[in-house]
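Two complexes come next, and they have one chain in common, chain A, joined by chain B in the first and chain C in the second.
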Partner chain A sequence: MAAESARGRRQPWILLSPSLATISFLLIIPMMFIVVYSFWLRTATGADQVGFYLDNWQEVLTDRYYRDILFQTFQIAFYTTVICALVGYIPAYFVANTRMRSKTLLLLMLMLPFWISYIIRTMSWINILGSSGAINTFLIWTGAIDSPISMLYNQTTVILGLVHYLLPFMILNIYVSLDGIEKNLTEAAQSLGCNGWQAFREVTLPLSFPGLAAGSLLCFVLASGTYITPLVLGGPRDAMFANLVFEAIVTQLNWPLGSALSLVLLALLGVLVAVYSRYLGVDQIAKSFR
Partner chain B sequence: MAETRNAVELRNVVKRFGEFTAVQRMNLTVPDNSFVTFLGPSGCGKTTTLRMIAGLTDITDGDLLIRDKRVNALPIHKRNLGLVFQSYALFPHKTIFDNIAFGLKYRKIPRSMIGEKVKRALDLVQLPNVGDRYPNQLSGGQQQRIALARAIVIEPDVLLLDEPLSALDANLREEMRVELKRIQRELGIATVFVTHDQSEALAMSDKLVVMNNGMIEQEGAPEDVYNNPVSAFVADFLGHSNIIAGELDGPDQEYMPVHLSSGETLLTTRQQAGRVARVEGSKSVRAVIRAEKIDLSTENIPQDGMVALPGRIKTVDYLGQTARYFVTVNGRDWQVINPINAHPHAEGADVFMNIAARNCVILPGHAD
Partner chain C sequence: MTGWSWIRIATILVYLFLFAPVAVVILLAFNANQFGSFPIQGFSLRWFEALYHNDAIVRAFKTSLLLGVLTSAISTTLGTLAALAMVRYDFPGKRTVSSLLVAPILIPEVVLAVALLLFLQFLSLPKSFFLLLMGHVVFTLPFVVLVVQARLVSIRRDVEEAAMSLGATPIQTFFEITLPLMLPAVMAGMLFSFTISFDDITGTLFWKPGGIETVPTQIFAMLRNSISPEINALGAVMVIFTVALPLLGTAIARRMSAAKMKSAKT
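For the complex of A and B:
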């Protein structure tokens, strides 16, 4: 009996071991390396000095430069998220309520951009907005302008690129919660005296809020952590926090500083996810990937 | 001036979905204070008709009147209707109180009165203390009571019930059936009830409307429709019937013989035969005998206006209070449902099927 129950107690751990091993090797252990790195010090000679130094942390937490870029990062991520939510709700509503037989096809079309590299998709804006891009060429051809207008390399194009990248995540999340709303609910609301808009406000919108929130969290986190979009579409003043990490690690080969920077971003986004999870629950995000 | 008005009236109402005609030229009235049931198999148009009355589906042709006003183009939120769905359709993000108060809020009822009215509605459905709970904290039966309370609190002109009991389990369903009928009587509210369950339909209705293929097959008091089906469809759909082709014979007299195609002869009444006699002298008919109107006996006791057919019991289904038999007579199986006295008849037993002339319903032959 005792042996059997011991085996019974072990069994869940045996079954969990592949996933625990994967998570440990790919996530937890590398993360610990980063934590350890952040306390090392890069010397003037370019070598890393092993030890426990707080210099990187002091620099990252006190230098105004980093704080300003962090603020700018969250600002861009916030605008991106709001625009995605506003622009994404309409197609999500359409797909959830369409009577077309090709609903699956519409969903597949939403996923279609993911088949093309994110970098290529981002760079495509250069061909549209650039000085010899589609818009400028057209305007010069019609005679509306004489020389190309400069549209690229500012905060607006960064936000545009991020919206382009993140919109499908938002649409998918909103779609899932809209699709789960029973059709009879709006009919019931209307039978009780709501017009279409009032029924939307009273029933559909509040019930789709979990999807809206999940999509927003996903967009905000992904936007905050991106460095390719500002690299390709932003100007010198539009750097985001991940660009600093990129700069420190890839350009300056200053791993200790890069580690400290990335841990700051990780911690702040972690707090955001924790707050979200406390009030709304993270399981909603998982639903859209089923 | 106690003239009965119609809560709802349909005049030549047609509904087409593309090429498909869901409802064909329907004429129907729902009198004030009455309980009218649409009964039929799925796809017969009963739900479509209900949705047209509700304003959830628009009408292709014809007129729909609610309280003598043509409402074809009136949107749903301006028709004063109470709607109850099979799936309850309570707002999951609102408390029970807010669910019931919802319609009152949109009717611009002052706050002070809303509380009073919600309380009365909760009392009526016998759930007085659930106001601050959420729908998912209630059982299915309780949720349906709340859905009903929400529909009646606005004092609608008509109460529309779309299979409201179908999602409940059997015992609860019967309890709710009694409850629903009590509330409807108490409020005297004109009610349209859609169901595919014949026992619900028979038990609850003042008027039963049997539908098939987008048309009304028969309408009338439940007892009338049950005892005197006008078509093979109704005879077959309501209860279990034996439908057999035959020929009506002999002079016009009280009991008239019907020679069945399988060789036996039954008796029917002049009144029954009269229903088809007008169909220009055609003698070819169909006899409809309900399974529970055949009496099985082991001995043949001759009676006036009664025929006893000898047969042998092929199978017995024991159903508790009753038993269902298949009795073979000249190679044809008859369905018989009889109450059980002490023991059901045994399989293989020789019995007599006693059929009274008044229970032999005559329909025109070759109709379909």
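For the complex of A and C:
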């Protein structure tokens, strides 16, 4: 009997060991390495000087250039998140409260963007906003303008692209919380004298807050870490922080500097995730997979 | 009820916003216009033909396919085992394990990409297809765990216990009872990891060795030159591939489980 329960105790670890080994070797240990790497130094000859140098950190933390781009990155991520929340709440509310048949269809359609390639969805805006895109062609055809107006390659289009990419995450997370709300709660509020808007503001909105928060966290973190959208839809001045990382690692091969840069991004977003999971728990995000 | 009508109209507009640009890509892919842009001048398959004769694209497609299949095979196997452990057992440290398993989602992909790349460089392993594969496995793994876990919860334990009490060994029970019941969940995990891998560009650009392109990185490289009509055709193929395949998969899985239910009843 004792042997039996010892085996029972070992069993989950046997099942978990391949995954945990993979994550340790491919994630945990490499993460420790970038911490070590960030204190090394790239010498003029291109070799890495092993040791404990604070030069990279000093450069990353004091150089105005990095600070400005970091600020710009969080600004873009913030706008994206707020727009996603505002634009995403209404369809989430509709899907949660509509009849069963259209609900299934709308939910299925909401999953579709996850399957459509991110790079395709991003570049599709060039067909809409580009100089020979849908809008310009239409305006020239109607005679409203003579030559195409330039709408692409600025911060607004970067935000547009990110909203287009991240909106399904937001809608799905809000939907999950709205769907969990008992219908009779709002009915009760209304029978106690609230009008529809009051019932929404006092009951539904607060109860959907966990989903709103989970969606916002996902949007903000994913938007802050992107470097493809600014490359495709942004202009030369719209670089985001991850572009700097890519530049340092892949183009300049300055790994120590790239390590320090990625740790800054990780630390700032880590604080956000930690605050979030302290108050709301990471479980909320997992709910949208059910 | 006017409020509700406004909500309905807003919802339709948001859905249009989500899908219209992609619809335009597909529309332009069939456009006969020699620049492949507006105005649309008739139906043509010439861009798909050009695609088929473009060696770089065909090669990229094969690479993506191989990468996606291998990634989904490995990470579904690992992820299913982990999901089983998480759903079926209570053990000390479960919360820590659970956060470890979803860690790759919470870390920005750029950081993950840098970390793995530098680690491999430190071990003096060059960039290779293998690195690309390992990278894809580590960031698809949490999605598989979450998806499979979510569906495993609904499988009732007593069916297995019944099999065991009727004399089946644990191994027999797993293959005869648990695995067939789990199959839809496992397939969902497989499709999900395949699509994520097939679509990935963020990590792939860091990890891919020179000369190897996947479909997304190939599209990205083509975009740097100019938006050529071939990109729209390639986009259309990608959309059909990554949307139709999972839809087909779910339909088959549903039919299979429906057939199984029927045969179980008779």
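By our rule, the second predicted complex is superposed on the first by the 270 of 290 C-alpha atoms of A that agree within 3 Å, B and C clash if a C-alpha of one lies under 4 Å from a C-alpha of the other, contacts with A are read in each partner's own complex, and residues count from 1 in each chain.
Methods note: contacts are C-beta pairs under 8 Å (C-beta built on N, C-alpha and C of every residue); 3 or more make two chains touch, one makes a residue touch a chain.
Note that the coordinates shown come from a computational prediction; the quantities given were computed from them, not determined experimentally.
Legend: residue contacts after superposition of the two complexes on their common chain; A:Pro206 is shown touching chain B, with no touch to chain C.
Measured by the number of chain A residues touched, the leading partner among chain B and chain C is C. Of the two partner chains placed by the overlay, only chain C lies in contact with A:Trp255; chain B stays clear of it. Once the two complexes are overlaid on the shared chain, A:Gln198 sits against chain B while remaining clear of chain C.
Judged by the touch definition given at the top, the superposed model places A:Leu41 against neither chain B nor chain C. In the overlay built on the shared chain, the residue A:Leu185 is in contact with chain B alone; chain C does not reach it. In the superposed pair of complexes, A:Arg9 makes contact with chain C only, with no contact to chain B.
In the superposition on chain A, A:Val82 contacts neither chain B nor chain C. When the two structures are aligned on the shared chain, A:Leu280 is found in touch with neither chain B nor chain C. Touching of chain A by both chain B and chain C, each in its own complex, is seen for no residue at all.
On the side of chain A, the complex with chain C involves touching residues 8-9, 11-13, 15-16, 18-20, 22-23, 26-31, 33-34, 37, 87-88, 90-91, 93-95, 106, 109, 112-121, 123-128, 130, 132-134, 137-138, 141, 164, 167-168, 171, 196, 221-222, 224-228, 231-232, 242, 245-246, 249-250, 255, 258-259, 262-263, 265-266, 269, 273, 282, 285-286, 289-290.
Chain A makes touch with chain B in their complex at residues 182, 184-185, 187-195, 198, 202-203, 206-207. Chain C meets chain A in the complex at residues 3, 7-8, 10-11, 14-15, 17-22, 24-25, 28, 35, 37-39, 77-79, 81-82, 84-86, 88-89, 91, 97, 99-112, 114-119, 121-122, 134-135, 137-138, 141, 143, 145-147, 149-150, 195, 198-199, 201-202, 205-206, 215-216, 219-220, 223, 227, 231-232, 235, 238-239, 242-243, 246.
Put simply, chain B touches chain A in their complex at residues 54, 56, 75-77, 79, 81-83, 85, 87, 89-93, 102-103, 106-107, 150-151, 154.
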